[in-house]
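Labels for the chains are A, B, C, D, E and F, by order of writing; each one numbers its residues from 1.
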C-alpha cells in the first residue's frame, strides 16, 4: 500500500518540519526580541504550573510571577500548583521565617459598655469606621466602639464583641493583623507573644487624669506609678505607659507583678494563651508585617468640618 | 452580493446569535477569570479578537494547502513520487495538532514581538497573550472553519473564515465586557456566600445567554430582509 | 507557554525530543487514520444511505451513485442517483441545507426520477428549539412531504391543507416548518431543471454509473 | 535554567492513593478547581454525550499522564509545555477518530468539543502538577482519579439537565408523562444556570462538610499520609 | 440647579430678638476653632485674664488666635470633643465676680451703636487684614476658615466680587436673619471694609426670598454705599459657596478650589459684622449669635453667646429641654453635628443648637438601595451619591474617585430624600476618610 | 428589612443599651428626612400605576386574568419568603417588590398559559432574578423578565405565538392571532415573495385600525393589549417620579424612528405608530424598563437605556424569530446598565476633581 506509506511519511514529515520550523523561529525570535527581565521572574514562572488558568486573579502565570517578584502579592494564590508550588515560590523569593515568637493581636481597651461614661444612642451605619465619624457615641474618643469591624475582618473567628468590647480568643488568633488594619481607632496592635500570657496596657486614652475619669471608669489615668516601679520595662508616651517588649522577659515575674500591683486602675492585664499547637501551626507561615502601636486618636486625621 | 450576505450572516451569527461564549461555551475560562474589571476584560477581548484572526488566517492557509483532502502540497509530493493523480492524500488527521501548534507559536511570537517593540502595548494587551493559548475560542474558530471546509454543501473560503473569526472575537469582547461591568456591580452586592465568585458569574452568564437567545432567528430575518432589499 | 531562554547550544539541538515526538506522533496518527478512515467514511455514508430506501421507495442503497451537478445558481452540488436493485433509475436524493429558526438545517430530499414528485424528506442535522422546532425530525412531520408536487413551491399553512402543495405547519413551530419548506423549495428551484435534463439524457438502461457528469 | 521542577529533583509528593482520592472529591476538577468548563457546559444536556465526553477525556488524561510520566526525565523546562501539548493533541486526535469510527452518532453530537479537549486546562495541569514529577503508577492513579472526578461532575450536571429538560435519564423516562419538559435545560442558559447552582450547592456542602459522614470518611482516608 | 425644600421651621425663632446669654460660671475656650493649625495656650493655669485677652496664639498663616470671652481665671488645661468629632485641648476660664460689661452694654459693644459707612478710605487694606487676623476672625457660617486668609490680596488672583452670604438655608436657624434684622449696619460697614481689604469692585449681599424683611432692612442700611442686595430663590443649599456663586455670578467654583479661583470671596453676614467690630472697635471675636431652636427646647431664642460657653448654659437660658428631647444638633438639621452631651463648648463657627424630639428622629429602618436615582436628581453638585456611598462602604476607592467623591460637600440632600433611609452622607464621609492620603 | 444587620455582633449590644435608654441620640447628618418617601411607598405607587392595566386585563380576559395574576403574585410572595428563610434573613415580603414582580410577570404572560408556567416563572423570577444577587436592590436583571424568559425558553410551545389562539377559550377577544404575529408573518411572506402586496393588504386588514390597538380590544399578553390603560398608569408613575420619564421617552422615540425606517424599507407590515401601540412596547417602556434597580442612575444614562431598549426591540421584532422583543431587549439592556452607569457619570458642578497623582 504505497498510499499508506506516503501518508505516514508525509504526516511525520509535516509535523517534524513544523516542529523544526517552530523551534527555529521561536528560538530566533526569543534571541532577537529578548527583553532583559528580573531573573527571578523566570524562575518563578518555571515553578508555576503554566496552566495560565487565571485563578490567581492575574492574567496568566507570567503576570503572577511578575507581581511576585515585585513583591505585590503573596505566594499561595496558585490553586493548580497547590502547597508545593507555594513553598517553591517562597524559596525562590527568599521569604523566610525570621521571627521566633508569634505575634498576636491585642486590644488596648478594656472598658466594657457600662464602664464607659457619656454614652449616647447611635443611629447610623453600624460599623466602627462609620461611627468613628460621629462625635459623642461615647465619651472616650480612644476606646473600643464595639461595632465589631475587627470581628468581621477576622477570618479565623477569633474576635467576639463581649459587652461592647472587642475580645480576642487566643485559641484562634494567628496574628494576621487584619483586625488591627481595620480598627479605625488604631487600638489593636500586634504584640510579640514571648509567653503564653503576656502583660499589656489595656487602655489607649492619652488624656489627663481628670478627662479620663470623666469618660471612663477604668481607663489609665497616666499616674506613672508603673514607670517608677519598672522604669526600663515601662516608658511613658505622654500620659500613657508603653511596655518595651524587647526587654520584656516572661521569666522575671517579680517585675511584672510589681507593675501589676502598682497600677491603681488595674489597667495592666495578662492576655492570651496560645497553645503549642497554635505556635506550631504558624511556625512555617509567613508572618505579617507588625503593626506598631499608634495611639493617636484618628479623628485627628479627618478634615476639619465646621 | 450573495457572498456579502453570507459574510454578514456569518459575522452576525458568530457575534450575537451563536455567541462563542454564551452559545458555544468556548472561552469560558477567561470569561470567568478575567472579567473582574472592565478595563482588563476589554483588553482581553481585544487580544482574543486579534489572535483569533491571525490564527484563523494561518490555520485556513495550512488547511487549504496541506491538510484538506486533495490539498495541493501533499498532492504535489505524491505525484512527484510517482503516484497517480486519482488518489487523494488526506492529512486532515493532523489538523488538531497543527492548529494547536500554530496557535501556540503564533501567540508566543506575537507576544515576544509586542513585548520587544511596543512595551506600552504589551502592558495593556500583551499580558493577556499567554492566557489565550489555552483559550478554546481560538481553537474552536479554526475547528468551525475546518468543518465548513470539509462540508460539501457550503464550502468556505478565506473571507468566510475571517468573518467567523472576527465575529467570534467581537462577540467574545462584547460578552466579557458586559460581564465585567456586571461583576464590578456585583462586588457591591450582597450575594449569598455559597454563590460568590464563579457561581454567581455563571448564573449571570446564564441570564445573559437567555437574553442573547432573543437573537434566535435573526440570521433568518436578516437573510430574508437583505434578500428583499437587494431584490 | 513558557518563555524560552536563548539556548547555549543550537535551539534545535535542544528540541530534539520535540522533533522526535513530532515524528513519532505524526507517524502514529497517520497509522490510526489509515486504520480507521475507512470505517469513518462508511459511517458517514451510512448516515445518508440508510435512509435512501425510505426517501425514494423502491431504491437499493447499494446501487446508488454520487454525482456532482451544477445547479441553476452555477454552484455544483452533490446528488445521489438511486436505482432499483436491477439498476433501473428510480429517483434522486438531493441534499439541501439552509437557515432554520436557530441554526442551519441539513436535510435530504427524495425525488422521483422525473423530478415531478417529492417522495420523501429527512432531516439530517438541526439545532432547533428543543421541544418545539426539533419536532421537524419527527417522522409524522417528515411524512407530510411525501408525495407532494415537486414542480411548484410548497406552501406552509396553519389550517388543514386545501391544495396539494400545502403543508400543515407544526403547531408552535411555524418558523421551523417554514424553514424546512423554504430549503426544499430553494433546492428544487436550483436543481429541478438540471436533474430533469440528466434524467432524460440518461434514461434507464443507457446510463453508466461511474461516468463523470457535468 | 534552574533545577526546579525538572530532572534532578527527588520524587516526592502525594502517593498514588492520595492522588486518586484527591481527584474524585477534595480536588474535584469541576467543583473545586473549575477546570474544563467548556465541555462541562456544552455536552451535559443529556447523560449519553456527557458520559462519552467523560470517557474521551479520561482516555486522553490517562494516556497523556502515562506519556508525560515516562518522558519526565527528558523534559526541558522551557519545552515541557510544548511536549505536553503535542502529546495531548495526539491522543485527542486518536480519541476523536475512535469515536467517529465506533460511536458515530455521539461523535456527531459532540462535534467540536472532542478536539477542544486539547485546551482543557485539566489535562495540562495534571501533566504539570503530577505526571511530570511523579512515577508511572502515581500518574496513572492521578489520571484515573481526576477522570472519575471529572466524570462525576459531568454526570451530576447532565442528570439535572436531562431529567428536568427531557424527563429522561440516559434516554429512559424517569418523570411522569405529564412532566412539562423544561426546554431551557437543553439550551445554553440552562447549562450556565445549572452549573452555577450546583457550584453553590457544592460550596454549601463543603461548608457543612464537617458534619457529614461522607466527608469524615474522606478525611480519614486523607489522614493516612500522616 | 438642584436641591431640596425641607420644611423650614424658621417660625420657631424668627421673631425672637437677640438676647444676651447671662455670663456663665465657666467658659472653655477650645484651642482649635477653625480650619488650620491649632493654637498654643499662652497662659499658665490660675492666671487672671480679661475679656478679649489672647488665650491661644495662632501658629502659622492659616490659623486664628482665640481670646477670652469673659473675664476670669484660667484653669488647668483639659480636653473636649467638638461636635465635628475633633478631640481638642481647651482652656477653662472661671468667671470673675465682676464682669466689665453688663448684658446691655455687651450687646451694644458687639452689635449696637454707630457703624459709620463713610470715610473708610483711611483704613489701609493691610491694616484691615491685620485687625481681622488679630481679632481671630473666622468664617461664622460654619466652615470656620480664617477670614484674614480670604481677604489677603493676591496679585495672581485678584478678587472682583465680594459676596455677603445671608442665605441661611438650613432649616430652623435664624441667627443670621436676626442679625440682619437687628444689626444691618455693622454688616454693611464690615462688607465695605472687607471690600477695601480684598480690593473687590462689587459687593453683593445675598439672601433668600423667605427673608424679604431682612433684605429690606439691609437695603436701607446699605443706602448710598453702592452695595447691592440680592434676593435669591429659597432652596436648600442655596447658601453653599458653590451654589451661591452659580446663582449670583453664574460661574462655577472648580472642584477642590475656592471661590477665589473665579475672583470671588464669600463672607457670612456674621463675619462681616465681626469684621466691622474688629476694625472699627479693635475688639476680637469673643461672642456670636446662636439660634436655639427645635421642638425639644422650651423656648426658641436667638442668643448672643460668649465663645466657649457650654451648650448646657445655652439650653438653660432657653428654659431647658422638654422630656422628649432626644437629639442635640450643633448647627442646622441638614449639616449640623450631633453632640453626645451638652457639656460641649460653643465654638466660633457654631451657628445654632437644634434640639429634636424622639418622634422627629425616629428614622425609618434602613433598607437596600433600589437605585431609584432620587439622590442623583437632587444632588446640587451633580454627583451620583448612591454610587459613591456604596463604593465607600465596599472600600472601592477607585470607584469612589471615579464618581468624584472629593467634590461632595456633604449637604445632605441625598440622604434627606433617600427612600431607603441610607446614611449616604456618612458613607461618603467614610469614603473621604478612606481615600489614600496625599 | 434589616438585611445584613441581624448578624452584626452588636445586636445584643443594642438590646442591652435599650434598657438604660439614654436620652441622647447621636447620628450622622442630615437629621431630618422626607419621611413620606420610602421604598414600600414607591412599590405601592407602581401597583397603583398598574391598576388600570390590571383592570383592562380583567375586562378583556375575565377570570383567566384574575387567576393568572393572582397565581403569580402569590407564588412570588411564597418564593420571597422561602428564599429569605434559606438565607436566614428576616422576611422581606413587606417591601412590596415581590408583589410588583408577580404582577408584572402575570401581566406579561398570555391568558392561556397553564398554571405550572406561572408558578415556575414566579419562583425563577424571585430566585434567579433576585435572591441570588442578594435580594431587592442588588439584582442586575429585571426579575419579572428573567422569570418570563426562563419559561419562554422552557415552554416555547405554551408561550409561542400560537399559544394566544386556542380553541379552549370562550373569550371574544382571542379569535385572532396577536397583531404582531400577523404583521410578522405578512412581512416575512412578502419578503420571501410568497404573497403579493395586495394579499398583504388584505391580510393586514384586521389590524389596520389604530383604535382597537390603542384601546386594547385585541389579542395579546394580559397587560399589553391596551395602550390606553398603560399610558394612564405609566403617566401616573412618571408624574409621581416613581418611574423616570427619560426611559419611556427613549423607548418610544427610538421605537418610532426605527420602526418608521423599517416600514420605509418594507421590512415590516406595520407603520411606526402601529408598532408603538401594539404589543408590549408601551407596557415595557413604562413598567418594565423603568424598574429603577436595573436601569441606569443618571438622566442621561436612563435616556440612553431607553433608546437602547427601543432600538433592540424593533430590531428583534423585525429580524428575530420572535414576534415581540421587549423581554429580550430589556434583559440585554439590563446587562449594559453597569457599563452605561460607568460611561454616564455626570460632570460635577465645578468640573471633575483634580486626580491625585497615581503612584
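By our rule, contacts are C-beta pairs under 8 Å (C-beta built on N, C-alpha and C of every residue); 3 or more make two chains touch, one makes a residue touch a chain.
Predicted model, so just to flag it, every value in this text is computed and none were measured.
Considering the contact criterion stated above, the chains in touch with subunit A and with subunit B alike are C, D, E, F. Taking the definition of touch as given, a chain qualifies here only if it contacts subunit C and subunit D alike; those chains are A, B, F. When every pair of chains is scored by its C-beta contact pairs, the maximum goes to E-F. Note: the chain lying farthest from subunit E is C, by mean C-alpha position. Averaging the CA coordinates per chain and comparing them to the mean over all protein CA atoms picks out F as nearest. Chain centres here are means of the Cα atoms, and by that rule the chain farthest away from subunit A is C. Chain centres here are Cα means. That of subunit A falls 67 Å from that of subunit C. The geometric centre of subunit E is 48 Å away from that of subunit F, both derived from CA atoms.
Rounded to whole angstrom, the centroid-to-centroid distance between subunit B and subunit E, based on C-alpha atoms, equals 64 Å. Averaged Cα coordinates give subunit B a centre that lies 24 Å from the centre of subunit D. The set of subunit A residues touching two or more other chains comprises 7, 10-11, 14-15, 18-19, 26, 30, 34, 42, 46, 50-53, 55, 62, 119-120, 123-125, 130, 133-137.
Shown for subunit D are the residues in touch with two or more other chains, namely 1, 34, 77-78, 80-82, 86, 90, 93, 97, 121, 124, 181, 183-184, 187, 189, 193, 196.
Shown for subunit F are the residues in touch with two or more other chains, namely 3, 5, 24-28, 128, 132, 134-135, 138, 150, 153, 155-156, 188, 192, 321, 341-342.
Pairwise, the chains that touch each other are A-B, A-C, A-D, A-E, A-F, B-C, B-D, B-E, B-F, C-D, C-F, D-F, E-F. Against subunit F, in their complex, subunit B makes its touches with residues 38, 177-178, 181-182, 184-186, 189-192, 195, 200, 203-204, 206-208, 210-218, 220-222, 224-225, 227-229, 231. Residue ranges on subunit C touching subunit A, taken from their complex, read 1-7, 11-12, 14-15, 18-19, 21-27, 29-31, 33-34.
Subunit C contributes residues 101-102, 129, 131-133, 153, 155, 158, 171-175, 178, 182 to its touches with subunit F in the complex. Looking at the complex, you find that subunit A touches subunit B at residues 2-3, 6-7, 10-11, 14-15, 18-19, 22, 25-26, 29-30, 32-35, 51-55, 57, 59-63. Interface of subunit A with subunit C (complex): residues 4, 7-16, 18-20, 23-24, 26-28, 30-31, 34, 42, 45-46, 50, 62.
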